[in-house]
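Every chain is named by a letter (A, B, C and D) in the order it is written, and numbering of its residues begins at 1.
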Amino acid sequence: MSESIGFIGLGNMGQPMAINVLKAGYNMKVYNRDQRKAESITEAGARSGARPAEVVERGGIVITMLSNDEALKAVTLGHDGLLNYLGPGGVHISMSTVSPNLAREMHELHEKEGCSYVAAPVFGRPEAAESQQLWIVEAGNTAAKERIRPILEAIGQGIFDFGEDPAHANIVKISGNFLIAAAMESMGEVFALAEKSGIDRTQIFEMLTQTIFSSPIYKNYGKKIAEKNFQPVGFPMRLALKDVNLVLDSSEQVQSPMPFASQLHDRLLSGIAKGRGESDWAELTRGIADDAGIE
Amino acid sequence: MSESIGFIGLGNMGQPMAINVLKAGYNMKVYNRDQRKAESITEAGARSGARPAEVVERGGIVITMLSNDEALKAVTLGHDGLLNYLGPGGVHISMSTVSPNLAREMHELHEKEGCSYVAAPVFGRPEAAESQQLWIVEAGNTAAKERIRPILEAIGQGIFDFGEDPAHANIVKISGNFLIAAAMESMGEVFALAEKSGIDRTQIFEMLTQTIFSSPIYKNYGKKIAEKNFQPVGFPMRLALKDVNLVLDSSEQVQSPMPFASQLHDRLLSGIAKGRGESDWAELTRGIADDAGIE
Amino acid sequence: MSESIGFIGLGNMGQPMAINVLKAGYNMKVYNRDQRKAESITEAGARSGARPAEVVERGGIVITMLSNDEALKAVTLGHDGLLNYLGPGGVHISMSTVSPNLAREMHELHEKEGCSYVAAPVFGRPEAAESQQLWIVEAGNTAAKERIRPILEAIGQGIFDFGEDPAHANIVKISGNFLIAAAMESMGEVFALAEKSGIDRTQIFEMLTQTIFSSPIYKNYGKKIAEKNFQPVGFPMRLALKDVNLVLDSSEQVQSPMPFASQLHDRLLSGIAKGRGESDWAELTRGIADDAGIE
Amino acid sequence: MSESIGFIGLGNMGQPMAINVLKAGYNMKVYNRDQRKAESITEAGARSGARPAEVVERGGIVITMLSNDEALKAVTLGHDGLLNYLGPGGVHISMSTVSPNLAREMHELHEKEGCSYVAAPVFGRPEAAESQQLWIVEAGNTAAKERIRPILEAIGQGIFDFGEDPAHANIVKISGNFLIAAAMESMGEVFALAEKSGIDRTQIFEMLTQTIFSSPIYKNYGKKIAEKNFQPVGFPMRLALKDVNLVLDSSEQVQSPMPFASQLHDRLLSGIAKGRGESDWAELTRGIADDAGIE
């Protein structure tokens, strides 16, 4: 396990993921635009690079965990981009939630260089990343997926394979985020109705999630929403809108209307217009309370 | 356990529920508008009445399981209605999904006669009713709820108490049905997107329900929707629209807008307009396919 | 023109309408629940009755202009109701915006008594009522419509006939109100976009209404909305929601989904929840500003 | 009036517009990707160029009328693009419906070259273009706007000025298209309700457009919709979706949610998914009929 792994992107998701890879015994070189965020992980044994290119080895493996398409393009493309250094046989594990279109584009660019782009976005909040409890959705070149499997196993509790087209993993990922947002809106509407009808929000939440809606999403987000307690911020509304937009773009591309997604778009955009762009996305449900005249 | 219980309403939910009460050792008199439906349960040992009044004992317990407000009023009110025979100390366990307003009205009418109206609607499809796996939401007079507890335990796997106002149990019930419909629409939109993007519907269903959406609703309804297999009909679209309308009425009464409910209203109404009123409500997702031009 | 006309309902629409009938030379007896509102018209020469029945003559003509179904039923039905006194040959001109279902019911009840129920709802605000500029939509018995024509001509600038089924006139009326609300929402969305984009709201309003949207509705309501000047209150939001609900009920009855109507329902309900139920319905567009975080 | 004007884009709008400029006495050089479309206008006296660059004179005036952002960029930018030949003092009148963002970008690029980019999108269908009845919305450099005024007057019946920022003209234009689509959806919902209620579609259309909705949009499009007669195709649904998307993009940029626009997006996307992308956009109302189960 002396292979060296590059890791780019040490945000609140990337940081704990990188630490888990390090703990699994890999050598690691990390890069983050804001270098101060690399400190704790270099203290734990990783080396740090000043540019994306510095953490990549020819034919090696590099992981990226960034917040959007632009960030991924910035570290990957161009003269200083990682792609210019990865070379034949290399594998780029792209764990960011980016657009399916970018995944397709990246796939082709990597193929031209003789290396592989494996899309491997994750489900889970920062706490899940820390405790190695992420769910990973992967798609890309079969041989590359086999090679990186032990690394992914160090990061998540389960891996779901969606074939050779990296875009498919991204469609699944953004679909999952859409489903979470839809579940939050649905619960928010119910809890507001309950509150205005004189029923305890927490009690209806508990009934539902102990019975027919006993899944992590309903339990975890439902609790936040029932209690109107949106701290800490695991995923900001601003990025949630980005993801709903990715879903809407994909749905437009294949001509498959998604009215709930359209409505979530409006809900999230309104939240951002009201100054809540950096709040946790569960706070989209505050818009329901606003509409109902609840303080 | 020699107490005699009246049971009114032997549809595809009422029938198995009545059988479970009978199995628990109670004497039972049953009534159904279409008397042929009473045959299998009289063969199992229940007696049958020709009118609602005949299955009620003064001060006794009567259970109703009917399809809507009108049906509940028809068997309860008027000269031949059960309320005229139930008398002081009697308990009417109303397990139908009816409007919160009717629950309040019934509550008052029963109080005037010195008897109790306990709302006890259930979650679960006919299979769950058979296997005693229903979830029961109750609200009403405390003493009455204590008295009927063993009967409810014979019917469901869990009882959730929502206090003294029967309407609250009905609000919880219709909210739950709204949440199920919202989950179905959400999944339907995702599976249509997946299908048109070249991703296997079943595979994305499995990934989601093995991980963050691992609840009965997502697993059971998701499977039907992913496989486009809507047989048998557990709950017809016609009644689903009735329930979404009840949610919308309640939300209007307390002034708490529910945009997802409005959208589900339109979806279900369209399904009915297309001739699918008697199809299972999971078939609301066919409307998504129609909109996407999928055959 | 010595015929005596009964007029019931002297609100901010009924009052000027009654005055125009009086000016046309008819004898008039008026009734209003709050009798003080009858004062100015009795000063102008009408007589006043203490009960609906007192303003009706057997075989005569009575006009009602009330705010909803309940009010119309209250003055029409029961022992003291006008129907009990109208008798064979009488004509009830119902100008209120009520439900198509009530129109059908009233039609049958009047037929049984040998009299006619003509639905004749109007388009126009109180200013238009004063200046005899209302548009009238009528439906009902042909002979009765001929008889009342001069009276309607005293009230409006044009009469549109929709046949013999009174419900049809009401469907047209509530459809018109829906179209107005939809036009207001549409303009509100555009003016908010303009405002946040640095374009003058009034300038875009003027361009549009001087060209392709040069109709009274766009000009009159558009001006209010562009200038955010919602005084005076011509039609309260509370009644606008009532009318949108009538449209939705009608659309449900014939199974014809109306998604814009559903969205307007949510918008108006939210306005009412925020305490704007008595504001002019053009203020529904304040909800758009709220959603956009505009003060 | 011997000034030579370049005209690029001879589609069903550009063709009649170019002819009107020609008729006004200007010399004209035209370019169209498909050169056969230039024939009728060269027969009328214009000269034809093989490349965009060939129709542009240094310091002269060039008009573009193209279907989207990509087409405008293709003829304007790059070595062979018109911008490379227009030079100091030149004016580019951009009459296409393009994105406000592209307008801003073009404005800057033209300024760098010392020439002016005036956005001047139009309202009106091909018939209006032929009869010089277009409405023109302009924004851009003041001196340039003065210079081109006689040309615009040869094309339209009225010019509305929105200041110096070209993007503003495009926001007004796409807002107008959104309003038209919203009016069509609104009427479509009403006519479907009428039809299923037994009311003649044409009769309700006539009543409404002779009274409170007496504007060209309601009259012209309303007639098509009431009669379900969508020939000829003036503006294809595919381009209508493009414009609604431009509105949604603009609304997102300034954070001003537009729920009717979101719903129109879904409606148009569904129409396209059903194979109606090249049909007239008034046919979006067929989706309402589909939802209502109307053949």
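Here, contacts are C-beta pairs under 8 Å (C-beta built on N, C-alpha and C of every residue); 3 or more make two chains touch, one makes a residue touch a chain.
As the structure is a computational prediction, the values presented were derived from the model and not from experiment.
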**Contact-richer chain pair (by C-beta pairs counted) among B-D and A-D** = A-D
**Request:** Among B-C, C-D or A-C, find the interface that matches A-B: by residue number, over half of the contact pairs should be common to both.
**Result:** C-D
**Complete:** Averaging C-alpha coordinates per chain, one finds the centres of subunit B and subunit D separated by a number of Å equal to 53
**Message:** Centroid from C-alpha atoms only, then distance subunit A to subunit D, rounded to Å. What do you get?
**Reply:** 40
**Asked** Which subunit C residues sit where two or more other chains touch them?
**Response** 251, 255-259, 263, 266, 270, 273, 291-293
**Complex contacts: residues of subunit B adjacent to subunit A** = 100, 123, 135, 137, 158, 160, 162, 165, 167-168, 171-172, 175-176, 178-180, 182-183, 185-187, 189-190, 192-199, 203-204, 207-208, 210-218, 247, 250-251, 254-261, 263, 288, 291-294
**Prompt:** In the complex of these two chains, what residues of subunit A are touching subunit D?
**Reply:** 245, 251-252, 255-259, 262-263, 265-266, 269-270, 272-273
**Item:** For the subunit D and subunit B complex, residues of the former touching the latter
**Value:** 266, 270, 273-275, 287, 290-293
